[in-house]
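Each chain gets a letter, A, B, C and D, in the order it is written, and its residues are counted from 1.
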Amino acid sequence: MPRPDPVWDDAAVLVHEVVGERYRRLVLASATIATTALAGQFLMITVPPALGERILLPRPMAIHRRHPEQGTVEVIYGVAGRGTTALVDVGVGERLLVTGPLGRGFEFPDAAGPDAAGPRPARTALMIGRGVGVCAIMGSVEDAARLGIDATVVLSGRSRANLIGSADCAELGATVIPVTDDDGSSALAALGERLRGLFAGAPPDVILVCGAGVLARLAAELGAEWGVPVQVSLEAHMACGLGYCHGCAAPVATDPAVEGPLVCVDGPVFDAVLPAG
Amino acid sequence: MPRPDPVWDDAAVLVHEVVGERYRRLVLASATIATTALAGQFLMITVPPALGERILLPRPMAIHRRHPEQGTVEVIYGVAGRGTTALVDVGVGERLLVTGPLGRGFEFPDAAGPDAAGPRPARTALMIGRGVGVCAIMGSVEDAARLGIDATVVLSGRSRANLIGSADCAELGATVIPVTDDDGSSALAALGERLRGLFAGAPPDVILVCGAGVLARLAAELGAEWGVPVQVSLEAHMACGLGYCHGCAAPVATDPAVEGPLVCVDGPVFDAVLPAG
Amino acid sequence: MTIAPPMPPTDARRAFFDARRAFEAVNLSVRIGSLTLANPVMPASGCFGPALGRLIPVAELGAVVTKTVFGTPRGGNAAHRLTELRAGMVNSVGIPSRGAAGYLAAQHPLYLALGVPVIVSVGGHRPGEYAPVVRGLRGAGDAYELNVSCPNLDRHGTDIGSDPDAIGTVVQAVRRETDKPLIVKLPVLVSSIADCAQAAEAAGADAVCVANSIPALPLTADTRSPVLGNVIGGLSGPNIRPVVLRLVWLAARAVDIPVIACGGIETADDALDYFSVGARAVQVGTASFGRPFAMVEIIRALQERCEGAAAADIAELIELWRA
Amino acid sequence: MTIAPPMPPTDARRAFFDARRAFEAVNLSVRIGSLTLANPVMPASGCFGPALGRLIPVAELGAVVTKTVFGTPRGGNAAHRLTELRAGMVNSVGIPSRGAAGYLAAQHPLYLALGVPVIVSVGGHRPGEYAPVVRGLRGAGDAYELNVSCPNLDRHGTDIGSDPDAIGTVVQAVRRETDKPLIVKLPVLVSSIADCAQAAEAAGADAVCVANSIPALPLTADTRSPVLGNVIGGLSGPNIRPVVLRLVWLAARAVDIPVIACGGIETADDALDYFSVGARAVQVGTASFGRPFAMVEIIRALQERCEGAAAADIAELIELWRA
């Protein structure tokens, strides 16, 4: 699938609000990005220099929702370190410098027709997201709704109040499986059991996952059991987002003479396969 | 006169308001400093690290007013560079770390009785301040009121709206001569003429000045003409305020082997004498 | 599955592309040896790639500088390769490289297509490794920047560029391979920047670049373990500017060849600080990440400043302040 | 004309003085040669004076360090002698000094009265100038810190401390004058901090202090003229910490004698960063200006951290994180 050209834009901040206990939601006006972004792509957001703390590096953020009709995109972030703490001070009506859409997104196995060797076109999909990792998969939930793909979405988080994406999934007609740490439902073994039960006999055509290494591993195991492709969205510290600074090479064990794939251009979405053995 | 011991205090900010067009006024609660500070002494104010910009060095600020009964002091500052810009964000009810009172202040020739060789005890005083330099002399206006010394205060500034100290002088019963750049009355020649006329035959017993090199020079000339002592308050970049960092040596031409006086402990108030020749 | 056809650039970016205008009375050109650049602003090595051509009008730059090319393929350092502290950004990319042959095949054509002079950055881990890389580049590139801020494996723990003798050895060897302009990019942590710059000049360099990032060790706040896979990384960004400014000042007094300043430049004012202490060109690194158009803004602002002051060039602009 | 009788200290300061408590189970003591300090926290040279005793309980410090004493009286640099940039504070005090005799007469008695070990900082502008200063101090002081971050007038433009040979010369000469512990305070801008630290150790130093401030050149924003009377000043404060952290790490791996860390320490966390890369003591400079009680806070916090983790000392505290 041809990737859209990235642009930068002085995007007006239309909404900047608290979500749940730990997150903030930004709605940004950028017609080009809203119209061209593919599911699972991300933005680089520059924290304005006018704010007290000088933040030098833009912060990569998944495009949680695209609203091409309104010319807006949504981002949800957690307040973690210096960068996101400074971002909190951006007011509605101010402008944020954003660059995007960037990277390789999630892709459903082509619904138009498979090639003989490839996976079957997706009719059903299992998406698994945890924390802000939910944002990376929400574009695929949007796509699924548009393409008539049956989407089951595991939303994982510390507690009900901290689950991202329930309302979005409801709006998009996806089946939600909320799992949380406080009632133990997010525990890996419990979730694996539940998903194996749920999809017994009728596995999904594809699994998309983002947000925690152990979930990616579970997804890869399920994919191997079911014989379906698994795509995982990774994170890496980034500077350019365009593939030239080489800051984001994936930490995969390789030949010391060969660089790992760059998360910003070769990913953030990669095919997940279980290591042999 | 024995100098009070400096203390540091987490002073509550009781008032923080705009004054005129270019200044801000702080009222700080610090009983010890309010009770012990001498006229012309100063504080070191630490800009809180919690604010966006990290300001490392405390900023020296004259004690504009002392209110020992309320246990408060007033400071007026101009927003100049990074330090004072960051200070603007301190809110009422927050605390400022202040150290003081510091330095050698203004002293009236002793009213109790002169020694034979010294100047006559002050009964009248001319004070000249420009801009925030007015703050350094206001303590002496307070002292004059208390000691029954007749005070004439020249308040100089860019415009009427930017004159500091008119209300204070009125409260303290001092005679004010407001001079401003916009009507030309602050011009050096004009001011010199006016003062020579005003004090013709009955010169003041002492002149105290702060705020601009040219005014100090004028004061020194008048002092030489009238045969009265002149005291000037100087500024210097400071780090410690206590005499140990050696950052504030006065830029007076000296023997390269001898350090100039330290503005923080040997001043900020110095006796002003015209260079010979 | 494209959701909609690509749209034209939004206003902010398009307006920026459209804003280019000619400054007839201003001459920002600068000579580096036999090479003349239309203006003195270029990216710092490792902080630019042809991909930026999708975001900014690269043709406005004075030159482009490639990421450092080593002789043999290298994978670079383990993650994390970069982080940001209050002091600045720290990178330990470790200079992954496909080697000279890989550069020629995969990257040089993309650089050539940009339409501005291409300065190829060349690295090595022993003084003897530089000349073979230049030979391997087979004449590609308009000039070479010799990145000597690399640990010298022949002298454990010190950079090649902190040793004036090693600098001389590198430059002389490369000079035998090419007539093209040679720029020597010096490290910050050296006992005498003047000695290093003079060693480069004496050996035949056409310019020195002052300086690379400052080696630093970022720790995590919680467990105090190193943030970076490589433990050590290079500190860059605006906070290193006052330190590099002094080095540029000292280097410009020590040599006659041009000094290219590099360190924390974000704006035309920052560039003018460096010009005022003797720099003849500037490189922009970290600033491009947060503001991809920073270099183009700086060039335009320098032109406007000169025009506004009726100065024919930057030297005249600086003289006007001094007067 | 005193307006009212002096009042007792206000609550904030008095509460701080009163807050001292004993930590029976924690041992923060550290040995520098033959000298044992009760704890590893002391001021950086030039950032302390006996006057601070009016503001903080100086007796809680591990030691005090004097401003650098030169052999003959010096006036110091022209104004401005200090300024503050976003990058940090910059000072070019230029080390005014009344000479060894002046120090003995006017200042040493004040230091002695503080009741903690006094480390006298000693400076020179030629390697041969240090030993005479120590001789002139006639045994005053519990240890000497040799500030070799001074331009070497015998070798124009480089610091004595950037030249391992010169460091060796200085230490050997001073060693002949005294048996007291010698600390060598190194500069940041050196080609190899390991070589410099090893030169100090080999010549008989009991510790190295890493490091002095970083030379920098601050310009005014408007006319781009130097802010400082001396043009060049030393950058200090928190932003230099990641750079000095790497130097301390390298020095601690290179020598067996203790490394005293100095650079941007504001909190116990900052001190622990340095301890975790091998420092055995720390000096606090710039932080004391804004927060005079910073050193005392750090000592108390180190004690509390150890107590809280049931660690007998800092080494054990660090081991506990690593486990």
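The rule is simple: contacts are C-beta pairs under 8 Å (C-beta built on N, C-alpha and C of every residue); 3 or more make two chains touch, one makes a residue touch a chain.
It should be emphasised that the depicted structure is a prediction, and the values quoted were computed from it without experimental measurement.
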Requested in this report: State the pair with the higher C-beta contact count; candidates are A-B and A-C.
Outcome: A-C
Report summary line: Chain-centre distance (mean CA atoms) for chain A and chain C, in whole Å, is 34
Report summary line: Here the gap between chain A and chain B, centre to centre from mean Cα coordinates and rounded to Å, is 61
Requested in this report: Report the inter-chain centroid distance for chain A and chain D in whole angstrom, where each centroid is the mean of the CA atoms.
Outcome: 50
Query - Residues of chain B touching at least two other chains - result: 53-54
Query raised in the report: Among the residues of chain D, which ones contact at least 2 other chains?
Result: 86, 88, 238
Report task. Give every touching pair of chains, nothing left out. Result -> A-B, A-C, B-D, C-D
Query raised in the report: For chain D, which residues count as touching chain C in their complex?
Result: 85-88, 90, 157-159, 162-163, 188-192, 194-195, 214-219, 221, 223-224, 232, 235, 238-243, 245-246, 249-250, 269, 272-273, 276-277, 318, 321
Query - In the complex with chain A, residue positions of chain B that touch it - result: 51-53, 86
Query raised in the report: Can you list the residues on chain B that touch chain D in the complex?
Result: 1-2, 4-10, 30-33, 35-38, 46-47, 49, 53-58, 66, 68, 82-83, 97, 99, 107-108, 143, 147, 236-240, 242-251, 254-260, 265
Requested in this report: Under the touch definition given earlier, write down the residues of chain C that touch chain A in their complex.
Outcome: 1-4, 6-13, 46-52, 54-55, 67, 72-76, 78-84, 86, 88-89, 91, 93, 96, 229, 237-238, 286-293
